[in-house]
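Below, each structure is written out as structure tokens.
In the two complexes that follow, chain A is the common piece, with chain B as its partner first and chain C second.
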Partner chain A sequence: MKDKIRELLGKLGGLPVAVDTLADGADLYAAGLSSFASVQLMLGIEDAFDIEFPDHLLNRKSFASIDAIAETVSAIVEGREAA
Partner chain B sequence: MDMQVTFLDRLFDSGLLIDTGVEGLYARSGTFEDVITGFERLIDKFSGETGAEVIRFPPGMNRSYFEGSGYMKNFPQLAGTVHCFCGDDLAHADLIQCMAAGEDWTGGQKASDIVLTPAACYPLYPIVAKRGNLQAGGGLFNIQSYCFRHEPSMDPARMQLFRMREFVRMGKPEDVMAFRQEWMEKGKELMAQVALPVDIDVANDPFFGRAGRLMKNNQRDQNLKFELLIPITSVSKPTACMSFNYHQDHFGKTWDLKTVDGETAHTACVGFGLERIALALFHHHGLDPKLWPQQVRDALFG
Partner chain C sequence: MNMMSEIRGAGLVERAREVAAVAGKHADAVDKEGRFPHEAVAAMKSARLFGIQVPILLGGEGATIAEIAEVCSIIAQECASSAMIFAMHHIKLSSCVSHGMGDEWHEAFMHRIVREQLLLGSATTEAGIGGNLRNSICAIEVDGDICRLTKEATVISYGKQADAILITSRSHKEAASTDQVMTVFLKDQYTLEQTHVWDTMGMRGTCSDGFLFKAEAPAVQILPKPFAEIAAESMLATCHLLWSATWYGIALNAVTRAQAFVRAAARANPGTTPPGALRLAEATAELHLIKSNVIAGIERFEAAKEDPAQLSSLGFAVAMNNVKIATSQMILSVINQAMIICGIAGYKNGTPYSIGRHLRDAHSAQLMISNERILSNTATMLTVHKLDTSLMG
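The block that comes next holds the complex of A and B.
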């Protein structure tokens, strides 16, 4: 899952640095992720994983790092599977 | 809601605002305009010799600037475009026929090069960027424009066409943030001169849709927007009469706006909703400015 997230981040994140140079826990905002790019990333992730972020997860924290995105996506996927 | 209708009715009855048959589109009386003029003069007097460049905009802006601003990414629901008839004699005959038959005649209207200005500072950034790098110390602008937002409402404080007065600061992040911070204090002092009760709170812009939810939360989490609120039509939901916005490098990047050192400029703006402030004055001090407290009259008309 993290590989897919990295791929989307590279494509949609508009980061000034290569995604390969970022650790999974690295702060993406500090790395240059803009608000607008985070929206593009959000839409890309929804499409790729066939999920929809619930309103309460549409916040800055959910997109703060590759780890954070993976956790958020897992939580949504598990929630859907449980439902 | 009843209270909103009542205040709007009273504004109509007193002649301060004149109904045009469209919600949020009103004509203003001479008395109403005197209050706006008085308040704008007070802003100038209060802010003193800032050296700000004064620019007054018409209510429309260059469509290509509007497109470049990204406004449609964030607020498509609020935008208004100017469309015009560009057809020949035959198309004209069709048009008149449609109108006479009460059918939709607008289908053939073509987008012109003009879009209604959504916020006073939107036309400013590309104009300043075209001049080249900012001077040492950055830029400070005193601007005003009629603005359009498509949000019909019975709340007189939510007009579709209204005037926004702004100070816009461009330059280094620390200078721009200091400017905004300073104005959050000054805004309170200014409103105290006209005896209006205020509260300042963190806020967000009305970003569209689900993606907008993320933008709203991001904006709040980063304290990018504050509003100075005054109760007008509701005590529980006071009206934003001023806003204090830090755009970070958003407009700097969008328009390639640079500081004297060639760094991407940061920007901030402080906006006054002029009609809202006038309405706040009428709501708190009464519909006849001749009867307003002397302190308020002196501040506005002295």
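The block that comes next holds the complex of A and C.
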């Protein structure tokens, strides 16, 4: 899942640095993720994982790092499987 | 009881009204001469209004956003520039209160704001960036215990009169343009070389000249949180809400003047309904809509305040943006109605029904962080954020 997230981040994140230089826990906002790009990334992830982010997860923290995104996506996917 | 506690003890609304009375006396001169409303600001200081937002623990009064908004609206009814200065001061202060607690330097600074009634200015706008708050070109340089910053700040309201300026920059020389911090610089720690003159259509008393800002100070004065968080969790909301409260006050006073005009006409011709009465009814309906909008925004902020996840959510940002967009557009139509009601008496300066200053001041609202920019941000967020389907929240 993280590889897919990294791929999307590289494509949509508009970061001034290469995604491979970022650790999973690195702060994406500090790395230059703009609010516009973060929304593009959210859209890309919704599409790639066939999920919809509920509004309470559409916040800065859910997208602060690759780890945080993976956690957010897992929570949604697991919630769906449980349901 | 000593003098100080007596003043503090007085109700906030009464103190605001006293300030408004002073502001109103000089509003036309401030507008005409494009000068700083020093009488009104002195009155704010003696009413001790600059420290109200500081927590009680640090000597302030712990005023809520609703209380501060009420003060903005009261003062704006008499002088929009004075109210905007008060609003901008409290927007800056909200960043200290929300993000400086627990930090020794910033707590001491808040204490000083109360004690000395310091006036805080803001420098986010930058040459080459404009109103794109979440981007900076300039970078702060931290050298041991010291930080230095040079910024081409094209708009700093009351830059010359402020006692301290809170200024955004990139967090270091190599940082991305969105990796920002905000730093407090005290008056004796910066120099301002004027580059732009604020000779504008309205809001002439905010004296928002442009400057080349150069500063050096202890690095502990950098706010301990990334500006991205400060913007999302305190500044975005307080800007839109306190600005909107101020704009509402302008519109309210224009309608109050129109009502006085209609009442005078009704008294002059008992038994008939004056021609402006219907328009007045229409204007009050719109005014009510603006008021409801501002109140709903304030309630939403109060509810979200204790929860950073909510404060930084897209839904919250969309809601705050919408308050700003709607208020800034609707006040123009309401004030214009007031002008139509008062006719030439409204168009002329120096009559009890003059609306010209209101209309000119109100025109700044759409540009103060361009509505175009805000709408395009909202548009982006709406590609993922889904609208709330309930009526009551």
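Just so we're on the same page, the second predicted complex is superposed on the first by the 83 of 83 C-alpha atoms of A that agree within 3 Å, B and C clash if a C-alpha of one lies under 4 Å from a C-alpha of the other, contacts with A are read in each partner's own complex, and residues count from 1 in each chain.
Rule of thumb we're sticking to: contacts are C-beta pairs under 8 Å (C-beta built on N, C-alpha and C of every residue); 3 or more make two chains touch, one makes a residue touch a chain.
Here the structure is a predicted model, which is why all the values come from computation and not from measurement.
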item: Combined model on chain A where chain B meets chain C, clash or fit; value: clash
item: Which superposed partner A:V39 touches (first chain B, second chain C, both, neither); value: both
item: Which superposed partner A:I76 touches (first chain B, second chain C, both, neither); value: neither
item: Greater residue coverage of chain A in the superposed arrangement, chain B or chain C; value: C
item: Which superposed partner A:A31 touches (first chain B, second chain C, both, neither); value: second
item: Touched partner set for A:L8, first chain B, second chain C, both or neither; value: neither
item: Partner chain in contact with A:L22 - chain B first, chain C second, else both or neither; value: neither
item: Chain B versus chain C as contact partner of A:I66, first or second or both or neither; value: neither
item: Colliding stretch - chain C into chain B, listed as 3-11, 75-83 or 183-191; value: 75-83
item: Shared chain A contacts, counted only where both chain B and chain C touch the same residue; value: 34-36, 39, 42-43, 53, 55, 58-60
item: Of all residues in chain B, those that touch chain A in their complex; value: 70, 73, 210-211, 213-215, 217-219, 221-222, 250
item: Chain C residues touching chain A - in the complex, by the definition given at the top; value: 134-135, 171, 175-179, 226, 228-229, 232, 308-310, 312-315, 377, 380-381, 383-386, 388
item: Contact footprint of chain B on chain A as seen in their complex; value: 34-36, 38-39, 42-43, 53, 55, 58-60, 63
item: Residue ranges of chain A in contact with chain C within the complex; value: 15-16, 29-36, 39, 42-43, 46, 52-53, 55-56, 58-61
